[in-house]
Structures are given as C-alpha cells and as structure tokens.
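In structure tokens below, several structures.
You will see two complexes here that share chain A, one where it goes with chain B and one where it goes with chain C.
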Partner chain A sequence: MSKLTIPVRKFDAVIVGAGGSGLRAAIQLSEAGLKTAVLSKVFPTRSHTVAAQGGVSASLGNSEEDHWHWHMYDTVKGSDWLGDQDAIEYMCRKAPEVVVELEHFGMPFDRTDEGKIYQRPFGGHMSNFGEKPVRRACAAADRTGHAMLHALYQRNVRANTQFFVEWMALDLIRDDSGQVLGVIALEMETGEVVAFHAKATIFATGGAGRIFYSSTNAFINTGDGLGMAARAGIPLEDMEFWQFHPTGVAGAGVLITEGVRGEGGILRNSANERFMERYAPNAKDLASRDVVSRAMVTEINEGRGCGPNKDFVLLDITHLDPATIMKRLPGIREISIQFAGIDPIKAPIPVVPTCHYQMGGVPTNYKGQVVAPDGTPVRGFYAAGEVACASVHGANRLGTNSLLDLLVFGKASGDSVIEDVQSGAIGLKELPENFADFTMARLKRLNTQTGGADVNETRLELQRTMQKHCGVFRFKDMLVDGVAKIVEIEKAVARTEIKDKSQVWNTARVEALELDNLIEVAKATMVSAEARKESRGAHVRDDAPDTAANPNGRDDVNWHKHTLWQREGNGLSYKPVIMTPLSVESIALKTRSY
Partner chain B sequence: MEDREKLNRLRWRCTRRAMLEMDLLLGEFLDRIFPTLTPGQADAFVTLADMEDLELWPLVTGSRECSDLVQAEVLALLRDVRVK
Partner chain C sequence: MATSTMQFKIYRYDPDKDNAPYMQDISVEVDFALDRKLLDILTRLKAKDDTLSYRRSCREGICGSDAMNINGKNGLACLTDIKDLKQPVVLRPLPGLPVIRDLIVDMTQFFKQYHSIKPYLINEGPRPDRERLQSPDEREELNGLYECILCACCSTSCPSFWWNPDKFVGPAGLLNAYRFIADTRDQATNERLDDLEDPYRLFRCHSIMNCVDVCPKNLNPTRAIGKIKEMMVRRAI
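For the complex of A and B:
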C-alpha cells in the first residue's frame, strides 16, 4: 500500500464529542494533567445534551427516603432485564456522588427551602423495590441539559482542555494488534485532514436518532461514533433497541411532552374516537410510553389514521380552557403553531410515535473501556454516553438515566484512561505505515465519484425505510424486506456523489460522510431487529405476542442475551447478560409490569 | 472568506444545532428567506444564528422582547416560517 502522509498531532488522550459525556471525561483527564484534545462537530455548548429538560436521577433522598438499591431495581426492571447488573449497580451507587460533584462544578440545580437539591417524581422512579413513586429527578428548571453542559464546559476551560471545534472525526486508527491509536479528523474550516495520535481514545459522540424519518433528535445525531467503530471492526451491541416517544409532531418530529396528556390532552383517530379507552381502560391517554405508541401505530396500520395519507393521529386539547393552555402549556402551543401550522386552542395537533433514544451502542464494561465480545478490553479505546452500551439501559431506558449515564461513565472512562496510562498498559505506540490509507481512499472516492447517488435523496430513503420497516411495532415480513432494502440502500451510499469539490467549508462532503455513518447504524438496527424473535422492552414484534408462556412476548429461554452486530458480513453473534452485580444479590428475571 | 464559504459555514451553524426545533426553523429560513434579506438584515440573522438555542427560542416565539430593531425585523420573518 502507498504511504500517504498527513499531519500528525500527539496527545495523551483524544475525546471525540463535547456533549455531557465527553466534557465529563475531559475534566478527569485534564485535571490529572493529561494532555487532552476534545473534538466536536459544533461548539461544545451546542451539543445535543442541551435538549434534555427532564432531569438527572440520583437517590439523594433529599425530599423523602431513597436508596441506590431501589434505583438499581427500577433500572433493571426498566431495561426488561437486558441491562448488565454490574454496570447498573455501579451507575446507581455513583449517582449521588456525581450529581453533588456537578453541583460543585457550578450546576444551578433547583433547591428545596433548606437549600438542598430539589427532587421531583418521574415515570418509573419507585421506592422500596417498585412499591410507590419516589422523588429522584434533579433538575435545573426546564434547562437541565443546558445548565449541565455550561457547568462542565467552564470547568474544562479552567483545566486547560484543548478544544477542536467544527472538526469531524472520520475514522479510528487501529493497528494489527487491534489497539486503538487515535482518530483521523477533518477540519471543516480548512478541509485539512489530520491524525490525532493518542495513548487513549474516548468516544462520546452521542446518539444516531437520525436513522429514522421521524425523530426527536437534532440533525447532528448521525451516529458517527458507531460508524467509525463498525468500520474499525468493533461490533455494535443491542442496536435493535430504540425508545420511541409517543408524541412527536407529525413530519417535524419535535417533541410534545407527556405533560400535555397530563393536563387532559386526548388522543383521537380519524373517527374522532378516543381510542386509548380500548387499549388501556384505566390509564387511557396516560398509559406508559410504549403502550401509547403501540396503540397509535395499530390505529394507523388498521386504517384509522388521519390526514390525506392516514399516517398520524391527533392530540386534542381543544376542550381545555384557552387560559389553561396559555398558562400551563405555552411552549407546546408555540411548537404546534410553528411546526404543525396549527393553533391547538382551535384544532388538534397531528402526532406520531417518534424515535427518541438509542439504547444500544459500542460495547463497554462499567469502567467505560470498550470490550471485545469475550469481555477483554480493546486497548486504548473507551466510550461513554449515548454512543456506548455499558449496558445500563438494556431494552428500554428509564427517564433521566441518560444524563446520569453521561456523568458516571464519562467520569469512569476518564479514570480508566488515567489508570491505564499510569500503569503503562497503554502508551504512545508507533502509527502503522498505512494508517491513513483507508480514510484517504474514502475521501478520494467521494471526490471523484461520477454518475453517483444524491446524498439527500439517499438519506431520505434510508430514513423512510427504517421508519416503515423497523419502527415502534415490528412485523416479521416487513423486517425481512427491510434487511433487503437497507442492503440496497447501502449500495447507493457507497456511490454518493457531491457536486462541490472545494476544500474550505464543504458541507456537502461532511453530509456525505455523515451518511456513511448512518448506513452502518441502520444496517445494525435492521439486521439485529430481524433476528430477535421475541418482544422485549422497546423491541416489539407482532409475531411475539403476550402469552402465558412468554408474558409480553418476552422469551427468556432463547433471547435473554445481548446482540452483537458485526459490519464484516453483516453478521450477528450473542453474549450473555451480566446478571451478577458488584456487591448485592442478583435481581432475578421477572415479568415486567407496571 | 468567499461568499460560498461564508454561506456554507452559516448553513452548518443553522442546521447542526442543539435543538431539533432550531435545525428545522433556521434551515428552512436559510433556504427560503435569507436570499431575500437586505445586507443589514442578513448581518442581523448571522448574529441571531450565533446565539445559543435557549437564548434564541424565546426571541423567536416572542416570549422575550428583542431591543435591536433590525434583529426584531428578522425575528418577525423567522416567526412566519412555518415548517411543514
């Protein structure tokens, strides 16, 4: 192979991603005196963590008695027993520590009259092993994610973390032994391609919700970390599990909070029927997220959707007093006017279940080290946050556990790097001669492609295919067809063409490179979902219904295991769920019911 | 910087934001309205796009007032963009 030379910069550690997880990891490293680079596609405080409003969970017990063991139980149950119990214990035990630490970093949490961190109730948070609701969510008004990012960013500035803003990491550098030696990245402002050569590489690139047509995720969530890992031969874990939020604005995807139904909002089909009465006679419109989402999809699939294409249902608040709407739900009224063209005081809002959160990701242990299928760490490689699968969320994430995941595993990955560097387990190994060839060939292909596929059209086709074939409610034949379709779309992705060939600020090139990542995530999701012949958590199949032998369609005998999707050959393997916690007794398999 | 480069940078900063709401709104505005702005309004838009989402959103919805006259003109145009 030819020896292509590109500029090389050397660091102790390179972190890809400046959201909550990347910034938390960076604090550990910079404060320990490691020379640390953080790469981000956008200015750090514009990362998607900003969108999180609900809060971050920790069993502080500030308002009433709480215990990390109860939090652990809720998380295992929420995960439908697919979460690894060592990682879940670790996260729940560490929660109070990392939240208080964040407070010391300057996070302006809401407070009780005595000045303690105020805690509010949240779905799925219970005391005494599922007995009754408990106040566990800590928040800073409705801007928790925003406040968190600002606090973490300021702390990094103080610690001299070096930021590379509007840089896009393209590929991992791995040598023949499998050790990770850094990343290759593109600076958008110059078009320059540079190697970040480091002892340790941490991925904190966030989620990939843009594989779906309807998504609450911002455009930035293109799964770059997953794409890079997959191309470097790292398998992706449990990618069939995606959490859907029942009420995204049809078309736009923008989230309408549960609070609207809390205030009396009613879901209706094309016959104006309050259909939730049939699916959940007691809770009705306030049933849990997955129940409501599935009911909506059933209505649409059975021809009772609304609009010219019968592809959405309506969220009706027209019966509420306009004064209540103006007072209690002003933000929702603005969103509806702006993104549905509808004033909800006068007409109902068109909504569809919308992709919200990715439970799977790059497989790690509870120390934030990326692991091979047999559990041994991949030397030099770490991951945290939504890109990683520790696995604490299993088949379904509990609300507010994601922000907690960022703090706990951001910090843990940083600590692991420090330990591995100090013990000499990893050092600055020489780069292989051809380390840049693969990436440069990808860039050259893109630059010289003629008669190829349009990036926007191909992305849209990918998103529509995922939505139709692998959405909230999954059907055997649709999944089989979906795999065939995604493999076809992959061929188009391999021959995308861009008209703009310039170097500086070539956003067409960057979008084509993002699509290279989306396709890996889409394949992993579709193939993993087609293979898993049970319903569990967020993965619900029509052909795996609720029976006495398999309550809720869950089949523990055959499917209580993690999926690993490998890019090479589009193949799957499986590994056991870790049922042994670190210090307490295992939480045994049980039917998940609320 | 060339005009193309400036516009592409602006496009990136309008469509890779923290909140989906803003990606949709600013992206649509950039395609449809931005080319029709006066130079003064275009500058005001760049300033607005540089703000963080939680600063900009209340200005867009009008729940916070904007004291700059040209920015207020642009915000009114932004408010009229109906994303479908």
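For the complex of A and C:
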C-alpha cells in the first residue's frame, strides 16, 4: 500500500463555494468568531449568483398588502406539492428578516417613492392564496443577483473572512461512522492538493445546469458538490426536476429575467397572439415557469413559432415606456443588443425555454443540515442554496425564491454550524488513514491516461444526450434510451485524457474533474426521471397524461414522494413529502392551475 | 456558408515548461452563424489545444472573469464581437499585472486596492427593524457605480496604476470608494475622504480617461474621481 500524504490545514468550518449561500453562511461564521475557510473555484464576485436578475422575494408589503402565509401557499403550489412544508414555512417567514438584513449590509435596492425597497410582480406570486399577482420581488433594477453577491462579499470583507480563491474542492472526507471531516482541494495556481480538516463542512457549490447543452448557467456550474456528495455515498434527492426558464435568448441561451414580464412584457407567437391567455387565463404571462415553458414549446411544436425555422417565440416589451425599460430593465436591454442583436425598445426579443435551475440536490432539513434517508443529520455536513434540497422548490421553483433560498438557508446552515460547534456536538475527529488515496488516485489516473477520451467531446455528448432525452417534455422510450446512453458515456468519462500536464493553472485538468461531477448529476437525473411514472411540476412525460383521475398527469397515490438516487448501482429509494408545516395548517393537495 | 478563417496571435507562457513567453500564431475556422463573440472562438481553440489557459465563467458580461487585452485594448472576451476585430487578432493578458500563465494574470494587487477603500457600508447606528429609507433620487446617485464587475479592465489600462499599483488605488477602487461616499446610508464619508487625501491614493489620477474608454459596463471612473476631488475641495472651504 502506498502511503500518500498531503498537507493538512485545520479549521472550525470549511465552506465550499462563495456564491450567495456560501457568502451568507460565511458572514454568520466569521461574525461569530469561528475559524472558517471559504473555498471557491472563482473569485467570489464571479460566482453565478451574480447573473440573477429579477429579484428576491419577501412579503414586505411595500406596495400592496402581502403576507408570508400567501407566499408559503404560492411556493407549495409552485412546487406542485412536492416541497416540504416545514422548510417552506421557515423560508417564507424568514424572508422579510433576511432581505431587510441584506439592505442593512448595503444592498442597493431600487426604491419606492416613500424610500422603501421597490417590489415588482413575478411568476406564481399571488395575493390572498392564489387570487391575483402581487408585488413581492425586491429588486435592484434587473441586476439583483449582482448587487446581492457584491453586498454579501463586501460584508465578508468587513468581517475579515478567510477566502481560498481559485481552489477547487475535489472530494469529501468521510470516516467509517459516516461523519464528514472536511474536503480535499486543489489550488489551481500551483496544482497543490491540500486537505481542509474541519469540524463542519458546508456545501454551497451551486447547481449543475451545464449537464444540458442549452443552459442559462455559467461554465462553472458543474455540480461539484453533487459529484463529491455522490462519490461519498450521500444520496441525491429529486434530481429529475430541472427548471427550464421560459426566456433564454434564442441561440445564445443567456437569461432574460421573468421581471420583464413582471414589468408588463408579453409572450407572442407567429400570429402575434398573446398565447398565455389560453394556457393560464388568470395569471397569463406570469404563470409558473414550468407552465409557461410548456406552453411555449407547445406553440413551437404546433407550428406557431417565429423566425425562419419557427423555433422561438417573441418576448414583447415594445409597448412599455422606454423610460421604464431604461430604469427597470437596463441590463436586459444590454443583453438583447449584445446577444440577440436587437433593441427591445424597438423590437421583440426571440426567446426559448432554456435549462436554468436544479430543484433537487443534497438532502437537507430546514436547518441546513444534510440528512440521511431517515431524516437524521449526517454529522459535520451542511448544505445550502442550489446544491441543497431542503426541499423548498419541490417539482418547480418560483422565480425569486432562489435568491431567497440562498439568504435563508445560507444563514440557517451557518447558525446550525455555530450551534453544533459551540455546544461541542461536533469536534475535530481524527482523519482516517489513507483518507487522500481515492482523490490522489483520480488525479494520477488523469495525469497518466493515454489513448483516452477527449474531455470536450465527452462533455458535449453528455450535454446533447441530456437535452434530447430529458428536456421540457419527456417520453418514456427516450428516457429508457437516455439511461443506456448516459451509462455508456460514463465509461468514457472514466478514461478521459488531457494533453496539458502542467501544474500551473491547468484548466484542462479542472474541466476533466468537473466532468467527473457532471456525469454523476446526469446519471442521477436520467435514472430518477425514467423511474418517476407521473407528470409533476417540471417533470412531464407522455405516458402520464392529463386525466380526471390524475389531473395534469400527477399521480398522488403512487408518486407523492421524494426520490433518492444512490450512486452505488444507480439505486433508487423514496421518502415521504413533509406535509406538516411548523406552525400553520397543512396546505392540502389540490389540482394546480393558474 | 458563413465560415471563414481568422488569424490570431496569442500570448503564451507556461512557467512549468517555457523559458520565456512567446506569441503563438493560430488560424481558426469561424462560423459567423454560431460564433459571435471572442469567447466562442477561445472555446473552439481550447477544444483543439487544451493547454490554452484563460479565465471565463458567465459568458454574458456580468461575472468579470474573461478580461484581456484584445488588439491593444482591454475588454471582455464574451462581449467582444469577432466581426469587428482587425486581423490578426492579438490577444495578451491584462497589462501591468504579473502573468501566471497565458492570458491569466495575478490579480492580487488589484483586489488589494479594492479592499483598501473599505468596500462595505459603514453605519454604526442602531439597526432599525425595517429597511433604512432612501429616496429614489438618493438611490439614483448609485447608478453608474454599483454595476462595477471588478474585471480590472480599467485599472490595468491606467498608466498611473502601472507605475504605482501598490500606492495608487486605481480607477476601479476609486469608483467603488465613491459608490459608498455617494450612499446616503453610509456614515463614513469624512473618514473615506481622509483616507484618499494622499498624493498617491487618489491624486495619481491624471484624467487620462483610458478607464472610461475600456469599461465594458460603460461606467465612468474618471467622473467618480472628479466627484471625490470636488467633495474634498468643498469640505476644505
């Protein structure tokens, strides 16, 4: 047996990822005086939270009456009743507090005439338990994510948080009892591999939208936390549920916020018809994202798409006052000019549904603790944000609930760590012998592989397969084929070869290691989707049609439950949805319509 | 149909194997129907030669990762239209910062200057239950300031920053300093002005305005610097 030793650094807590949730957790830990390391593949303000546009939801009621209970109802309904109601109540009740806190940190929110935080309507957010759209999305123009990420980073500068910038975490360290003891990470600049040994490990690694060919997500969104968790034997929850955002720029995939429709934008087909009136007579263009995306694809499939290939629809804001566009949607105008070549003041924007968000993830409770299938916390392990599945988004996330998720569960996971560390519930356990062997073997394999598979081609093959076999509408036979194809692609991933062998800033190595994570997410997604024989939220399949017994194809008798995918043997198990909120009455199952 | 060959000259340096940096000539088949931006081309080149190294992430001009020197001018690869580029397209790392590898520079000094201006809201008053009020007009003052993406295009195009990167805050840092000075919620205006009233930190700006010329977000650091100077004069009288 070779004895591989690597440097070990000790901390109270290590946070992996410095986007919204990682930075929010870091504020808690730094201000509480815990010795904390925050690892990030990119400089913190380059994390993908920066690209969020439209807003962060909170029932502040700054422009009209609102209530956290209405927000909770909308979120449960948006989730198609797959969200856990304890976590949803927790998030919606906490929303005003964390958004006000963010304002106190310096977030430059837009303002109402009275000087309060400006709020705009957003898809699926309604007043009085689903009656009519309500202004709940707190916005900084259409750059809310950018303003929020910078404000959170700035607060961390003030708190003297210790960052390890351009470090990529490679694997979790877990001992025989299952306790998590930190991560092994690679410094990109030097190629050095170091163990971050910690009492508590928080995953805030974001999503994996790059498993799809067409995605609003950044290059860095490769599901690193999911890959690490899966390899360490942690199951992944509800991975079949992926949100396709209705309005990605056709061809480029770049996001156009739902806030455009919140400000009055309208979707039109080739007949110039406002087609959402047919699909969602009440909420129209502000129906939930899964509903709007399916309506758009149906319009395109039925020949009412626009352009020479009839393969997109139009997002029209030409009827809005140009001053409103310049004030509330300046970033969207920039993006449209840059990536669609049109000025939305003068012409409508070509848009198509584009992969955007992962509802599933590492299973956690509402305190941000990672949980085993029976609900007991995995000692030393916490997760927040898109990597986590609390589950507040269930089968479909409402717009603006993702930024809220980052704030609420970033803070909650931080508070849980503080409690567990200060009470002595978790301490610095000794590292197992040979803890680094698995990771070092992966790196060695990559350095010595010859005659292997090309990283770029293999990743493209994976992305095209996911796009074709697991998209907005899903088909039984395509899903079965998709599982077979992904299993085949996995073999190529296991023998990827890189030409770059440099120790200095080796991006080829990073991309190969990212592909190791993407494949785990792709398997989890395809296998979970093939198995779920119903339509719910963002998961809609041809063999689960809309019937009187199963409205919208939803089968509550057999499928009102969370999926748990295990890497070992692609195994599946299920666990019940938590229907009991913390203080209010359960929101009972009901047919979902907008 | 719309394909053609484009010529590139790219700065290459891997300290692990190269004794010295060199310029590599590369030609690449471009499909103008698919490739709109310089980053699309870099992605193509990297697919063929995985040793080519550069930073990138959001590919939509909001994360600030892929700043580089393009035909002599700093810009973001993801926002640069290839159709407008004169050939051969010369790509170099951002000037004035140490090169780590190829188009990747060490940004430590740049962030040090950003951190030096205390880039966070300072308000030691009691925290209200609700948001601190700010009128739409007061909030308007932050426009053109808070949108900075810290890409470093401006500071690394500034001769004053090249000569004194350790002493001159640089346009990005000063723009951000003014972002907090201009915020009605911030209570540290005097301390912030004191900190900048220094022959180097602020006054090395000679209004050359390279920063304005290159900013990919169309921000105006020179204007922000002028406002800071104005406030210093006003408080002196």
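We take it that the second predicted complex is superposed on the first by the 492 of 594 C-alpha atoms of A that agree within 3 Å, B and C clash if a C-alpha of one lies under 4 Å from a C-alpha of the other, contacts with A are read in each partner's own complex, and residues count from 1 in each chain.
Keep this in mind: contacts are C-beta pairs under 8 Å (C-beta built on N, C-alpha and C of every residue); 3 or more make two chains touch, one makes a residue touch a chain.
As the structure is a computational prediction, the values presented were derived from the model and not from experiment.
**Q** Who does A:Ala51 touch here: chain B (first), chain C (second), both, or neither?
**A** In the superposition, A:Ala51 contacts both chain B and chain C.
**Q** Please indicate which partner A:Arg143 is in contact with in the superposed arrangement: first for chain B, second for chain C, both, or neither.
**A** Both partners, chain B and chain C.
**Q** Contact-wise, after the overlay, does A:Phe109 reach chain B, chain C, both or neither (first, second, both, neither)?
**A** In the superposition, A:Phe109 contacts chain C only.
**Q** Applying the document's definition of touching, compare chain B and chain C: which contacts more of chain A?
**A** C
**Q** Let me test your reading of the model: by the given contact rule, A:Ile117 touches which partner, first (chain B), second (chain C), both or neither?
**A** A:Ile117 sits against chain C, while chain B stays out of touch.
**Q** Could you tell me if A:Arg155 is touching chain B, chain C, both of them or neither one (first, second, both, neither)?
**A** The second partner, chain C, only.
**Q** Now for A:Ile335: first (chain B), second (chain C), both, or neither, which partner does it touch?
**A** A:Ile335 sits against chain B and chain C alike.
**Q** Check the residue A:Trp505 against both partner chains and state whether it touches chain B (first), chain C (second), both, or neither.
**A** Touch status of A:Trp505: both partners.
**Q** First (chain B), second (chain C), both or neither: which does A:Asn456 touch?
**A** A:Asn456: touches chain C, not chain B.
**Q** Going by the contact definition given at the top, which residues of chain A touch chain B in one complex and chain C in the other?
**A** 42, 45-48, 50-51, 143, 146, 189, 218-220, 252, 254-255, 331, 334-335, 338-339, 502, 504-507
**Q** Which chain B residues qualify as touching chain A in the complex?
**A** Against chain A, the touching part of chain B is residues 1-2, 4-6, 8-9, 11-13, 15-25, 27, 52-54, 60-61, 63, 79, 81-84.
**Q** For chain C, which residues are in contact with chain A within the complex?
**A** Touch residues, chain C against chain A: 14-17, 36, 46-47, 49-51, 53-65, 79, 100-102, 104, 107, 111, 115, 118-121, 123, 127, 129-136, 138-139, 142, 146-147, 149-150, 180, 183, 185-186.
**Q** Can you list the chain A residues touching chain C in their complex?
**A** Contact set of chain A toward chain C: 42-43, 45-48, 50-51, 60, 100, 103-106, 108-117, 140, 143, 146-147, 150-151, 154-155, 157-158, 189, 218-220, 252, 254-255, 331, 334-335, 338-339, 455-456, 498-500, 502-508, 511.
**Q** Can you name the residues of chain A that touch chain B in the complex?
**A** Where chain A meets chain B, its residues are 41-42, 45-51, 143, 146, 166, 188-189, 215-220, 251-255, 330-331, 334-335, 338-339, 341, 502, 504-507, 510.
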